[in-house]
Amino acid sequence: MASSRIPIHPSTQALHADDPLHLVTDVAPPIHLSTTFRYSDNPDELIPSKDPVGEFNGKNFVYSREFAPNPTRFEAILSSLLNGKAVSYTTGLAALHAALILLNPRRISVGEGYHGSHEVIAVVSRLSGLQKLPLDCPVDALGKGDEYAKKAHSRGAYLIVDSTFAPPGLQDPFLWGADIVMHSGSKYFGGHSDLLCGVLATKNEDWAKRLIEDRLAVGNVMGNLEGWLGVRSLRTLEVRVQRASENCGKLVSWLNYALNVASPAVGSEESIVQAALDKIYHASFQSEPWLVKQMPNGFGPVFSITLRREDFARQLPSKLRFFHHATSLGGVESLIEWRTLSDPTVDQKLLRVSVGLEHWEDLKNDLLQAFKSIVQ
Amino acid sequence: MASSRIPIHPSTQALHADDPLHLVTDVAPPIHLSTTFRYSDNPDELIPSKDPVGEFNGKNFVYSREFAPNPTRFEAILSSLLNGKAVSYTTGLAALHAALILLNPRRISVGEGYHGSHEVIAVVSRLSGLQKLPLDCPVDALGKGDEYAKKAHSRGAYLIVDSTFAPPGLQDPFLWGADIVMHSGSKYFGGHSDLLCGVLATKNEDWAKRLIEDRLAVGNVMGNLEGWLGVRSLRTLEVRVQRASENCGKLVSWLNYALNVASPAVGSEESIVQAALDKIYHASFQSEPWLVKQMPNGFGPVFSITLRREDFARQLPSKLRFFHHATSLGGVESLIEWRTLSDPTVDQKLLRVSVGLEHWEDLKNDLLQAFKSIVQ
Amino acid sequence: MASSRIPIHPSTQALHADDPLHLVTDVAPPIHLSTTFRYSDNPDELIPSKDPVGEFNGKNFVYSREFAPNPTRFEAILSSLLNGKAVSYTTGLAALHAALILLNPRRISVGEGYHGSHEVIAVVSRLSGLQKLPLDCPVDALGKGDEYAKKAHSRGAYLIVDSTFAPPGLQDPFLWGADIVMHSGSKYFGGHSDLLCGVLATKNEDWAKRLIEDRLAVGNVMGNLEGWLGVRSLRTLEVRVQRASENCGKLVSWLNYALNVASPAVGSEESIVQAALDKIYHASFQSEPWLVKQMPNGFGPVFSITLRREDFARQLPSKLRFFHHATSLGGVESLIEWRTLSDPTVDQKLLRVSVGLEHWEDLKNDLLQAFKSIVQ
Amino acid sequence: MASSRIPIHPSTQALHADDPLHLVTDVAPPIHLSTTFRYSDNPDELIPSKDPVGEFNGKNFVYSREFAPNPTRFEAILSSLLNGKAVSYTTGLAALHAALILLNPRRISVGEGYHGSHEVIAVVSRLSGLQKLPLDCPVDALGKGDEYAKKAHSRGAYLIVDSTFAPPGLQDPFLWGADIVMHSGSKYFGGHSDLLCGVLATKNEDWAKRLIEDRLAVGNVMGNLEGWLGVRSLRTLEVRVQRASENCGKLVSWLNYALNVASPAVGSEESIVQAALDKIYHASFQSEPWLVKQMPNGFGPVFSITLRREDFARQLPSKLRFFHHATSLGGVESLIEWRTLSDPTVDQKLLRVSVGLEHWEDLKNDLLQAFKSIVQ
């Protein structure tokens, strides 16, 4: 196999960044489940390790709590796609937990965001006394976008970005000053709603090593089938995210147009949308120039809507044919969630929509008939 | 869940045609492995079956050699995408075998095509005395394209089309008179080189039932993980096939241009290609109008090349970085095969290429450096 | 690893007969799913094969319809346990089908036995004109046990023994003249009701090779997860079969005692059993000396009972807590089936019981309370 | 299905304690991989949860980081076998970590034991300032066996017992005062060296709930295939552990006899053993009466030996045929480890042996030829 110096596109890396880790001639990698691995048959090669993490070369497996073949391939691909050394975990929150264990901060400034993140922060606070500050905590007026990095670094603090909603291809937080990029890989990386995992990426080699040492101690490694499915899923990451992002763009454009057209004809699509829908939330409607600068290839495939009445929001999912009513996001199948069911803090009229790979016109027609059904 | 009369696009069917088969609330279906299923707890509902195949409703499983949940979902989606009732088998050749057992013909007219097909025909011949005729056997001069159907039907014969290289989205053989459409689902349906399966589709309900009865007797059902992975793979069939087809189109256009440019500059790309390459074979180079009519959305992602020397063909795969040297086709990863290794009847200078989801420019650069390496 | 000449016990072979097939250092083998395998990177090692089946060495995989790593390990272990070369198939009936394709007989003498076997014979008859004869077809009066072998061989015929109900450890049909031993591996080999497979074993090397060549043509290979689970299951074959056989022995002894005790006290266990039960069928009640000679280590863990009334038989399964009401046998969990549900030819008062690994006293108490419940 | 008041044996519980959790009619449970689960189709049943953990009924799944079907079944069986509410984790160390997060102690008294436990304690110490005390820390002279419980409870402290080496059937630490029983389920529960998991069990309902709430926050849930394989493995726990324990007992008795026989004949088995072996360590050689009282059914299947020379210890594994040289324990296959390779603190002449299901005579013969080989 020849080597090459020409920069390789991400879609190619997604298929080949793990090639150097082949253990067998199988084109599709096997699912390795073994917890333990035979040492060398040659007694002269048996050397008690001083630094098991440091001596790992991608193939010399000993015990799967330390390193295992499928998660290792998964990390190799993600290290390429995320532009930093990727370390995998059982779940996204396990990844955030690992970052907190690594940095062991006294204070953390954090926005509302995902309620789960606050729960892991609460557990760490219980042990370490970690204090939570609001995202707009002083240092003077807080800027936008990459200015979080400036603010953090100006005080010797670190910036962790949860980039779950903007997977590789849409945004690279390292370009904007992030120290650690975090992903719930259960979303776009897995992409089929069938695996849990979390990922941290960092350009700091020493941190990466310490993360793995802590993971070995704390034992929160991702499952083996999850690792295998993760690799299988990354093979199609680009085509999945591109298609979902396009579908979402078309859907929110249509919704936005229908919502804002003046004096729609009675019984028209637009009048139905206006009778049901109150507001749409999606990155494409944000006017800040930094956003387009950071996401030049399109926006994420998730949007939210608020309906005109709480009972509309409660009923809408049951009227839909092509959106499963379920929490989570990032899968090939479109999901909708009456969000109050898993986050009691949000507006009870709000629904969150994750757009999948269905044809966008079918999704549009489905939403339309469901709106019609609830407003009648 | 509301119903709808509006025709649904294939990309949506690929995600939802199996929704009526949900057994649990899981968004991603479980992998069902049980060979046997509990009968009703209500003794009054225990009724000895007269017609197990006819009474199957998609959910009343008894024994997995008969019906199993994951293959059943796989068939539901494929029945929608193939426009005929789909029946799944262990492998593509098991599917062909099943078609031969069903029709139990005295004579079969068949082209060279895939050597494996001839091997299953030979087994059936051993038992039943089936005789093989060439594809251009009389009935007067043979026509092109759908004229195979006319020829067959004019004599009361049936037309089986192996459509493996042109999956749904590229071609529908039922539109052109096929009686049975056959697929090695191990290729584009599976799409990740990690499952074997075969599929027959027919619009003849009685045949479909008899195929399942024979399958129950002969026991050549697909594996359960294969069925589950098959469904997972069909979710992305459209984006995979579209991208691979586009990639292949760009690659063969470039090769064709380079091969045919007159008097290329010394050391230029084109001169390297011309030094290594003799011919390219791909549907896009066929001039027959029926082909474009049958494949309006693009051509298959497989092409063949012959090199100028046999040792070039033997060496080329070892010089490539982004094409695994392996048999088969239809996966996310590009493959190349010195074809004589698995089919001794073909030209020893021929290589078959299956284009995957890598960026086409990386594939081009890879081929170019490999050509350069072998001609030096 | 040192070699040894001392004969190795089956329980050890079940754990180590596949050791020479290690491809990686994993102690528990990986699940290999790849359909295709990379050829050598060294062009000089690329040699078009004349005889793919004959050249297989257990590790040089090319395409998984031919050979795949997990089924290959499964066969290696079974070849050791069955004392003949084992070839695996999708299902037990696929195995029987393969034997019929191999031998392509004009006539087959067969008892009633399993109705599925007659269905595959019917399919083959449709193609080849195979004729079915009763098991007691002339040659003069038919003997018992190994005399089937004498009878068959005296006429140049072959003896195929379906040994599914008597797995290795209980009986070895090769000792009694069988030419081919067949197993539905879905039963005791799989042992957890979660995989389908079939197995043929033969001491005839040429037959074994032809079986694999036919399997390659007909494509009825077992699934990969099935192959992996099969190996995992064989590791515990001996302890599972021994325990189930012991449990069954205790259970049928108790039932037999209770059924036959004279004048049981009103309300006693025995009186309840006698009110519900009519007959018990189990190998341990057969008086022929050849049976004990052939099965010195105990009898199979399946027995049948007929109840006094058809509605008792219909109701009994719904009253049981530790027997699932489902078809099949050979799993770790006890099953019972009102047999008419899957075989309309049997007595409608008959129930078939497959004894698993539960404590036999719990099974006894469960049967007793269920008998009590139906007779009240 | 009828209910029963008669106490049920553990072997039966291992097969049926999870029956109430059936979601489908499959006899062998499916592998559930979905991360997310559809809410009710009935809008009236959609009720925002106040207490997701408290409202879980074993079937109302929402998101798999919270509860997932296969780990839930695994926990149901283990709750029965361990006599306390079982909570599962990614690994054994994740379980210990969870116990430390729950109790958040200021000081922990702990023996040398497993080095991994000390690593997770070190991580927690980094955050919370937890201090480590030796196992024989004052309270006056430390007693044996259950006296650890008295000592702990006399000071308001809690006793956590890592019972990995003595799975259910061999010992129940709750009988001797444990507050939390911990297991690396990767060992005997998994039993086939193919899954990682950890388990905590407690009789304190409030602790159990808080453990699950913390697990939801910290996200260290076990993998789904691991959960499924875990259930499959528990079906055979009793027969596996009994056989391994018997095999180990026979093996150490033989070794002990051979080691201690006076003046063995030159070239005899005993003389070879004495030339190689220095000491054997196994629970069966401990003379304390409390040990037999706590383990009435036999001792664990792991023992250690020290050889006469370090190079003997280094070489022995490479001479063995039926013991894989690898770390870990508790699998169906026998393992041996030159223990210094994974724990640098132990005697470099020490080998740890985990006895599996091979025939003990084959293991004995294998050890004997290996001893012979190294001493020559």
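Read from first to last, the chains carry the letters A, B, C and D; within each, the first residue is number 1.
Note that in this section a residue touches a chain if its C-beta (ideal position, glycine included) is under 8 Å from a C-beta of that chain, and two chains touch if they have at least 3 such contacts.
Since we're looking at a predicted model, the values are computed, not measured.
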Overlap of the chain A and chain D neighbour lists contains B, C
Per mean C-alpha coordinates, the chain lying farthest from chain C is A
Quick check: how many Å separate the C-alpha centres of chain B and chain D?
48
So how far apart, in whole Å, are chain C and chain D when each is placed at the average of its C-alpha atoms?
34
Centre to centre, by mean C-alpha position, how many angstrom separate chain B and chain C?
34
Any chance you could list the residues of chain D touching two or more other chains?
1, 27-28, 33-39, 41, 193-194, 318, 324, 326, 328, 331, 335
Considering only the defined contacts, which chain D positions touch chain A in the complex?
33-39, 41-43, 46, 48-50, 62-65, 89-95, 97, 101, 104, 116, 119-120, 122-124, 126-128, 186, 190, 193-196, 198, 214, 216-226, 229, 311, 314-315, 317-318, 324-328, 331, 335, 337-338, 340-342, 344
Parts of chain B lying in touch with chain A, wherever the complex brings them together:
1-4, 6, 8-12, 14-16, 27-28, 192-194, 232, 235-236, 238-240, 242-243, 318-322, 324, 326, 328, 331-335, 356-359, 361-363, 365-366, 369-370, 373
Looking at the complex, which residues from chain A come into contact with chain C?
1, 22-39, 41, 61, 69
